[in-house]
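First, the structure itself, so that you have it in front of you.
As written, the chain order gives the labels A, B and C, with residue 1 at the start of each chain.
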Amino acid sequence: MTRPLVRPPRKNPILRTRVPTLPPGGRSRVAHGLTAAAARGQFELQVCRDCGTVQYPPREACRKCLSHRLDWRAQDGAGELVSETTLHHSNELFYRDRIPWRLGVIKLDSGPVVIAHLHGDCPPAPSPVHVRAGLDKAGQAALIAVPQKDTPNMADDRQLREMTCDPKFRKILITDAKTALGQALVEAIVAAGADLIWAGYAEPWKKPPGFERLSKLSPVSLIPLDLTDSRAVKNLAGEIGGRVDILINTADHHRTYGIAAREGVEVARAEMDTNYFGLLRLAQEFAPAMRARGADGQSSAVAWVNLLSIFALTNFPPHGTYSASKAAALSLAQCLRAELAPSGVRVINVFPGPIDDEWSQALPPPKIAPERLAADIVGALKSGAEDVFPGDIAQEWQARWRDNPKALERELALTPR
Amino acid sequence: MSEPALPQLVADLGAGRIRIVDLTQTLSPEFPQIVLPPEMGQAWPFRIEEASRYDARGPGWYWNNFSCSEHTGTHFDAPIHWISGRHLPDNATDTIAPASFIAPACVIDCSREAAADADFLLGVDFLRRWERRHGRIPAGSWLLMRTDWSKRSDPVAYQNLDATGQHTPGPDTDAVKFLVDERQVLGFGSEAIGTDAGQAFHLKPPYPCHYYMHGSGRFGLQCLTNLDLLPPTGAVIIAAPLKIKDGSGSPLRVLALVPSPTGTPAPVAKKGRVRTKCPKKRR
Amino acid sequence: MSARAGYDDVVVACPTTLPYVRYSIRGAHWFLAGALAELLRRSGIAKDRVDGLCVSSFTLAPDNAVGLTQHLGLTLRWLDHIPMGGACGIVALRRAARAVQSGDADVVACLAGDTNHTDSFRQNLATFSQFARDAVYPYGSGGANASFAFLTAYYMRTYGAKPEDFGKLCVAQRTNALAFPTAVMKKPLTLDEYLTARVIAEPLRLYDCVMPCAGADAFLVLRRREAENRGLPYARLLATIERHNAFPDDPIQYRGGWALDCDEMYAQAGIGPDDIDVVAAYDDYPVINVMQIEDLGFCKKGEGPDFVRRNTFTADGSFPLNTSGGQLSGGQAGAAGGFLGLVEVIRQITGQSLGAKVPDARLGLASGFGMINYDRGLCSGAAILAAGQ
């Protein structure tokens, strides 16, 4: 039975902080098909288009008929635990710091045999289990077998937690807590059991409804934060940077212009200053401390969340300069992901479609409600996905983009102004 | 003709017989900036980016790059800034005659009224009452409206925005026309954001101080401070904007030269102490 | 299936072991050269008479057999590199024997050896195979210990084997090793020590695991006439088998490739399992010893535990097994582990044993197994040899 997580004791300030290490991260190119799906929270394996054989480990040709036509398809992960072991010795530092470590050999109902991490609540072999794909601390796809049915406190399993970014008992910075999404996110993170939430707000003269109420929630601390002010970001990092476990960058400057609809670069510049340069400032000031704390106990630094937009993938011309700023932020977020990779801190990019707020007022539904978006962000932290597409529009545009990005470009260009 | 008084000016400055009072707010990212509706072009707040600080980016030196609007912090408004002054000759910061940059000032104390009512409008009657005490406002002077608004150190209180917009004091239409037509002032200065009152959009015409001052080739100064350290008359203001080509204004250093015959330090704020609406009842 | 050709007058001689050391700063080339030099010294054969070479090594990179020819100054008519781990000895023997039989080479030196630096083992594990890198090593990085823990747990659950059964094999091999001059394990081992040693990967404990070290093993393959002319004791090849990736649909490995070819091997040799005097099984973990005992026909599948309980495995026992101590007590010098058992069987049946001697040993069986590419050992092989004279 998994013991529920308890609040960790305060860190002894004179002890050296454990340096982050990673599980082995080398993968062949073909194995990264698993990573691409796991990044979206999916478990996919190659299936031969000619004979239907499901393949594992990932490979270049069907192991039955040698066909090259192997498609990555979603798997349900049902299988039988055939054998297991618990390691008390490992050759790699990451696991040496974490033994004992439970592993299993599982025969999937779909055919292949997989080696996977084994959740503590899985009964001994032989027993039915459910295999999931997630990302391990190295950011690479890894399989974990969990019980067929959910067990109490299942998410608190020590091994499963190495693949997730659970906010429970952690300290979270939400850079803009004033918007409808920001407020909903504060509430959702409080409900998820965070210890402390720094709720950032810029433009103090603007007091939207509901914002003052947040300060009454006990884990919440309102802090002024303007991402366009380098010194302010630096000063705040000096004060709280060493304590932030999860940083959620919700700051968003969203206007509704393409190129011709607005004279001058000033609006586009304001969008870039918050959406792109704001991220750069935050990353320069907050990433170093988070990087150092990637293995700092139960409440380690664990995730950096960027609220991007589905418009970052393909430009939405009615909001053309905004799309470009989100695309710039996406590219920079990938840079941040590479720089944080050695520490095990996950960069999670969220690509919602239009949010049901003032700047998407002229766009037709479906639009995603702030509460639903907040729930999806918290869900991504708990599941450990790194590319999140919340809501129907995001899901559809992402599918269209993967299928034929040029077609999506044409379709969006036809959007009536 | 008497000799030019410059050597005397230098001597008086050195001896403290003339003091310099700094009427300028510090340019920093925290200083509030005028806020327009989101669909309009915005004025940039002050932002500063370090280029190097005795480090790898420049081992022996420290310097910054900064950005702001022409109308950020304590700043000067040129006639070209308003539609009513757009066609006047020599109406931009680089073409205004420099003689305008040194001028006497009249300081109108509205601090008590402004404390009681954030939307206080300075009217002609108030000006005439002031003149009865301090004499006629000379042509070519600055007219500075002292409200002690600069003592509001909380940026939110300084900006004083609510759901109906900004609430700060300023002149009414008749007062502006009086100052322009009857007194030929050089320009109007205020302590809050805007020479016009925060709710001046609703006056006729909207923003009458901008409209009439700039429309007659006159100037504005905003976000001044330390007006409570100036005498009602007798101060000389130095206010020279940056020489921006075709500029509509600029942040600047506004200095007041103030006579101090005994060479004593600056006086503390004297009469006109801010009162609450009702005097406290004694128990 | 077509009948397999015999080996005519091809023989194997000069079983050689370069003493193992735990760590060495030398490269693999040093150990392979040392083993070759020892072969030449004991056989009296000149270096330039050797016209065939077969090499196995994990730490020779960036070289393989090709680089070694120039490194050691050899000009050859036949060259092979056998990257098959624990099966490399059997496979080298098969390749070299056919080369000599067909006249492609006259004298083939078969070498296997590796160095061992303090970080060699981990480096090898991380890049062992594509499947291991993608689908095994990221999970706990336990190496072969984890892989064989799975197999051992499955075998125990399925066939009722107990820790004591595996312990008996390990204790016996330790006894054999104590008599062997260059075994790395020099202290006796009791069953109690075996059962209470620290857990490595459940259910495997410390003495279930081999000790990696540096060293080399070697032998010569040549024609009988030349061996006799030089007065070299030799052994004849009666039958050999080899199989790779057998039983791929078994969900977990509980049987190896020998099971497919074992009957043919005995038929070709013209003998049965009861005729074998000495056995060398590839012993990286005791469960694999039991698997080989079953799959090489000494008992039925699943009867391994019972077989272990009914027999004794020292050189003077009812079933002499790994009489130099095997890898479990002799140490695993990388690829030399694939030669170790074969070399010991050749010694025993040619009267050249260095340690405990199996009395009247004339027929020997050596078995190889190895290369956990993903979740099972892919390579297997075996050879039955008979005393030459």
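By our rule, a contact is a pair of C-beta atoms (placed from the backbone, for glycine too) under 8 Å apart; a residue touches a chain by one contact, two chains touch by 3 or more.
These figures come from a predicted structure and were not determined experimentally.
Trainee: If you average the CA coordinates per chain, which chain's centre is most distant from that of subunit C?
Mentor: The most distant chain relative to subunit C turns out to be B.
Trainee: Please indicate the chain closest to the centre of the assembly, with centres calculated from CA atoms only.
Mentor: A
Trainee: Just curious, how far off is subunit C from subunit B if you go by their C-alpha centres, in Å?
Mentor: Here subunit B and subunit C have centroids separated by 95 Å.
Trainee: Centroid of subunit A to centroid of subunit C, CA atoms only: how many Å?
Mentor: Once rounded, the distance between the two centres reads 49 Å.
Trainee: With chain centres taken as the means of their Cα atoms, state the distance from subunit A to subunit B in Å.
Mentor: 50
Trainee: Please name which positions on subunit B make contact with subunit A in the complex.
Mentor: 29-30, 32, 35, 38, 41-42, 45, 47-50, 155-156, 159, 161
Trainee: Inside the complex, what are the residues of subunit A that reach subunit C?
Mentor: It comes out as residues 23-28, 31, 56-58, 63, 82-92, 94-95, 101, 103, 105, 107, 113-117, 125, 136, 138, 140, 142-143.
Trainee: Under the touch definition given earlier, write down the residues of subunit C that touch subunit A in their complex.
Mentor: Those residues of subunit C that touch subunit A are 121-122, 125-127, 130-131, 133-143, 145-146, 149-151, 153-154, 157, 198-204, 248, 251-252, 374-375.
Trainee: In the complex formed with subunit B, which residues of subunit A make contact?
Mentor: Going through subunit A, the ones touching subunit B are 203-206, 226, 228-232, 255, 264, 266-267, 270.
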